[in-house]
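Take a look at these structures.
Heads up, the next two complexes both have chain A, just with different partners, chain B and then chain C.
Presenting the complex of A and B:
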């Protein structure tokens, strides 16, 4: 377990090696990245075995007084900085450190596993790309940064990893930077998440000023013991949430994620399932002692989560691009996770994070397989493909499993995790929340059903005549993920003699058994099955027509199809507010700072110089004359003094 | 014995002529000649003063003459250097008229 730091280190090492030696390595160094992440996966297994065997007797492990979960802490001094002052009574100790608790363990497992799958899949998907080596170098760095983020025991290390994740997402989304689309999407992702990152940085610094340390355990202990004032706790929680909203694409920072599908599809799978977007949810889950100490902050988390989940679900329902539907579905499900965190459903949120991660990786890789199959690079308009079930049976089966799982069809993993969230919401939040969450669940099943039925069932579309099944490597990865999308949810149960259930391993404050509320369960089954049945009638059997509905709700539809004009609002704010203020500032800079403050003194000196230089004629006799006159003047002066 | 004042007047007159020449001449060669004139005026002053003041007060024998010999030596070396510079000047710019040589400014 002390060697868990190797998990990210392998991939960190792979990145520069690939960049430097890709020309001489087989397959441009791709096997190096895959070996690195596979090594990380093996170390993760060993660390997990070690963690499960460890108890509070282990010298580095202890049962945390806040989360009441077994927490192992390995740390080593990095450097000490600064001199003691009035605010900080001690110099700043910076550490490299790992905090290993059940949350870290499950997250590391998700990241290494999905990244391994994505990198294997990319061998086929990215074959022949001119920058194949660079792709794998950035992949390795991306995964390494995300793993560091999950392991970090202090906020500073977390922030470094956080920014590295942002950088790698920029590099990978803009991987095909020759085209304007990926270029703009990469910039958008970087800038929008950066807005949230500023909040995160300020929040970390606020905690540091008040706690006197970057250490997470110390900050959480201070928050739980009441050492911090309520105002500080709420403020830092909201600021941390800002960072999480940026990375996890919560309203109003969700705009970058749907555009991020401009990158290669495996990258989208990685971003949506295992890295980047789950960083925000992870941050809130990790810093939960701070959030839990502030009911206001929890309410904000829940509200933002609900707004995001519902809004994104409606947009996903009317989108026509396959990857865009999946992207908005991610936004919606991230909203559900936030909602669950806000509703004290910590375990449910982490569980849904895992279940959604496997299902969404499966769906995106399936979408990539579809694009590979129909020969599209870029958008797959679901109105132009259809009936791919016959040409791509394996992909169709895998995608359908992912869709059914996310749609919440029973016994698939998404059903169990979604049910836990519903339970937490119905217990701890006002009744309006559970009603809207139910609506979200229904919409979520509906849009997944729509995507699945239109693309793989129904009549053949015009783009799908030449479709063919993808290579074995791609379908193999899909199959493994499909198994997980089906069966992962089963670890929530109490398996007598083997395992007591997810809630007894990953929990906050107290271990939770598996709950199942019959009313909520039946209701959500009815909603999910109803949604799939409805979609089947509309898109496959075509016995129901939605044309009249579309006409009746045309104005609403237009608003939703334009994604609630959030992008336009951003554009308006940038054009009218930001640029106007910038223009005023630029004018001030030019007219006052530059012309008066800088060129003013320079002009005075220059004019004085022009006036004064006239005596310099360059003629040697002028200088000699001045010397002679000077000597005569000195002589007269001396003579007058001596008299 | 010729009074000291006569020598001093001769030296002052020679120095004045030399100074005028150095300032007013346009030819670099003539400026050098004028400088030589000023140096020799100083030499006359030195030698005259030395022979009149020999043995008086703090002055030792031949002090003035020794300095004069130094001046002559330095003047010879300086002329060698100066004419070398003037020669280069002529080669480079085709003239030794100092009116046209005014690059030593801003």
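Presenting the complex of A and C:
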């Protein structure tokens, strides 16, 4: 377990090696990145075994008084700023540190596993790309930073990893930077998340000012013990949440994620579905002692989550690009996780994070397989493909499993995790929340069904004539993820004699067994199955027409299709406010500060010189007159003084 | 042997580049390459000395080390060349060693009056070293002027004029403005120095020695009233060189006119002299004044940060972008100083080092582009990555350091400044964090606009950085990453300097 730091270190080492030596390495160094993450996966298994065997007797471990979960700590000095002395007490001491608890363990598992799958898949998907080596270099850097984020035991290290995953996201979204789409999308992603990160950094510093340390454990202890005032707790929770909203694409910072689909599809699967975008959810889950101490903050988390989940689900329903549907679906599900955290459903949120991670990676890689199969390198308009199940049976099967799972069809993973969320929401939040959550669940099933039926079933589309199944490496990865999308949810239950269920391993405050509320369960099954049946009738059997509905709700539809005009609003603010102010200031600087403030005095001196030189007349009588006047003046002066 | 070296190391720091400058004058006029190579030789020696000096500085012992005093004018002026290095000067000496060598190497492209160029460049380097290692106000002023004056000729003779359509910036204007504004600052500093000398005379111990003056101040020999009016003189006088708003416009205009190597020194080390002066003279000798005036200074520093960043957002010329970016980043230095907080002040010193490397790297890469494309308009340049991949890579890393990306040196420094400012002036610190976000916007816009994007046929002829440029760029990138990941070697030294700088309060 102390060697868990190796999990990210392998990949950190792979990145510069690939950059420097890609020219001479086989496959441009891709195997190096894959070996690194495979090594990380192996170390994760060893660390997990070590963690499961460890107890509070372990010198580095104890049972956290706040989460009541076994928590292990490994640190080594990084740097000091300011020397502690008698006069100066306010110095900081920073560590490289790992905090390993059940949450870290499951997250590391998700990241290493999905990253390994995605990097194998990319061998085929990115084949022939002129920057193949760079792709793997950035992938390795991303994985390393993401793993560091999950392991970090202090806020500064977390922030560093947080920014680095953002950088890799920027580099990989803009991977095909020759095209304006990826270039702009990359910039947008970085800037929007950076705005959230201002909040995060301010929050971290605010905690430091009040706690005197960047250690998470100390900050949580201070929050739980009542050492911090309510105002500080709520303020820092909201500030941390701002960072989380940027990374996890919560309203109103969600705009970058759909655009991020301009990146290569495996990148979308890894970064923008399974790992980086969950960092925000992870942050709230990790900093839960702070959030839990502030009911106001929890309410904000829940509300943001709900608004995001519902709004994104409606957009997903009317989008026509396959990857964007999946992107809005991701936004919506991240919203559900936030909602769950706000509703005290901590375990449910983490569980859904895992289940969604596997299912969404599967869906994106499936979409990538479709793009590979039909030869598209960008958008896949679902109206132009169809009936792909004949040409791409494996992809179709895998994608459908992912869609059914995420749509909440029983016994698949997504059903169990979603059900836990519904339970938490119905227990701890006002009734309006559960109603709207149910609606979101229904929409979620409906858009998944729509995507699945239109692309793989129904009539053959114009772009799908030359479709072919993807290579074995790609479909192999899809199959493994499909197995997880079916079966991962089953680890929630209590399997007598083997395992007590997810909630007894990953929990906040107290271990929880698996709950199942019959009313909610039946209701959610009805909604999910109903949605799939409805989509079947509309898109496959075509016995139901939605044209009249579309006509009746045309104005509403237009608003939703235009994504509620959020992007346009931002664009307007940037063009009309930010750039105008900036241009005005730049002009002010040149015309006023410089030309008046700096050149002005210089001009005064110059003009004064021109004026004053007139007294140098060159005539002897002028000088004689001045001398005479001077003598008289001096004489008067002395005379006055002597009197 | 090392102990003997310590006796003379500081003197050598100044003498080597000065002697190099004098010797360069005697090189044959018609062999510019010889002058360049000789200048490299000199700069490399001074770089090695600066590294040794930095490593030999014993941070556990702290205080002023390697002290040597050479008496010059006796009573009543009591001026002596008193050399000594403290924990704030040490990293800056190292910085000057690095940037001077880089600037000389990059100046390979100077073909006109090459010999004279390197004479002035080395003299400038000597002046900068002098300021960082001298313990006597008279000589501090002398070296300060020695560092500033060559700029006038370096820009005026080897610079370039640019027509921006709506306005014209000639190299003569840039050089003249830089000179006059900085000299105006010098006047304020000189008045301040004389006031302190007068105060020491009145106490019966006339001196220009910094440590003796500090001792007199601690004993109450300088009246509070004197400190109250002298500190602003130092803060503004030195502040002008640090790009203090609203006296900053000499800096971007100076950059636009200056040749690459000069820009590197200008933003890389010259602006740091100003910040160093505020710490080493203003804070140390007039602490009571500093305490009263620091809220004003941190306010102005915050204006620097935000104002510089927003101005940079609307600049089209690559050098203007970096020039305003420097104004913005020096704002963090001023903020850090004004916190009077150990972490904030240490952050300010680290930011000086980090910004010096980062901005020198940016100017080196922009110089490489200008050399080949003969244009710096970011709207006309595009798709540079295709032909100038390495240049783009280096520029992007410098840009990321500038927007405070963790893992690169700028982040640690800015983070420490924020930490200090959060303890002392919370609302301004929040503005500082926002400034870092604005930096991200203009850096990324610039990268997207000029460097990424479709390759333009008109830039097909461009060639990537030369081996020398790649070497300098690569070395600077390694430093940025090394300091970002492992700042402890620098911080250990800086911390001791900061502790003694704050002990007078």
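Convention: the second predicted complex is superposed on the first by the 582 of 643 C-alpha atoms of A that agree within 3 Å, B and C clash if a C-alpha of one lies under 4 Å from a C-alpha of the other, contacts with A are read in each partner's own complex, and residues count from 1 in each chain.
Here is the rule we go by: a contact is a pair of C-beta atoms (placed from the backbone, for glycine too) under 8 Å apart; a residue touches a chain by one contact, two chains touch by 3 or more.
None of these values were measured; they are calculated from a predicted model.
Student: Once the shared chain is lined up, is A:586 touching chain B (first), chain C (second), both, or neither of them?
Tutor: Only chain C; A:586 stays clear of chain B.
Student: Which partner does A:431 contact after superposing on A: first (chain B), second (chain C), both, neither?
Tutor: neither
Student: Can you tell me whether chain B or chain C touches more residues on chain A?
Tutor: C
Student: Now for A:620: first (chain B), second (chain C), both, or neither, which partner does it touch?
Tutor: first
Student: Is A:79 in contact with chain B, with chain C, with both, or with neither (first, second, both, neither)?
Tutor: A:79: touches chain C, not chain B.
Student: Name the contact category of A:628: first (chain B only), second (chain C only), both, or neither.
Tutor: A:628 sits against chain B, while chain C stays out of touch.
Student: Which chain A residues lie in the overlap of the chain B contact set and the chain C contact set?
Tutor: Comparing the two interfaces on chain A, one with chain B and one with chain C, no residues are shared.
Student: Any idea which chain A residues touch chain C in the complex?
Tutor: Touching chain C from chain A are residues 78-83, 85, 87-88, 90-92, 156, 159-161, 163-164, 167, 170, 174, 177-180, 183-184, 186-187, 190-191, 194-195, 197-198, 201-202, 205-206, 208-209, 578-579, 581-583, 585-586, 589-590, 593-594, 597-599, 602.
Student: Spell out the part of chain C that touches chain A in their complex, as residue ranges.
Tutor: 167, 177, 180-181, 246-247, 249-250, 253, 307, 310-311, 313-315, 341-343, 346-347, 383, 385, 400, 405-407, 411-412, 415-416, 418-419, 422-423, 426, 429-430, 433-434, 436-437, 440-441, 444-445, 448, 452-455, 486-488, 491-492, 495-496, 498-499, 502-503
Student: What does chain A use to touch chain B in their complex?
Tutor: 613, 616-621, 624-625, 628
Student: Spell out the part of chain B that touches chain A in their complex, as residue ranges.
Tutor: For chain B paired with chain A, touching residues are 19, 22-25, 31, 98-99, 101-106.
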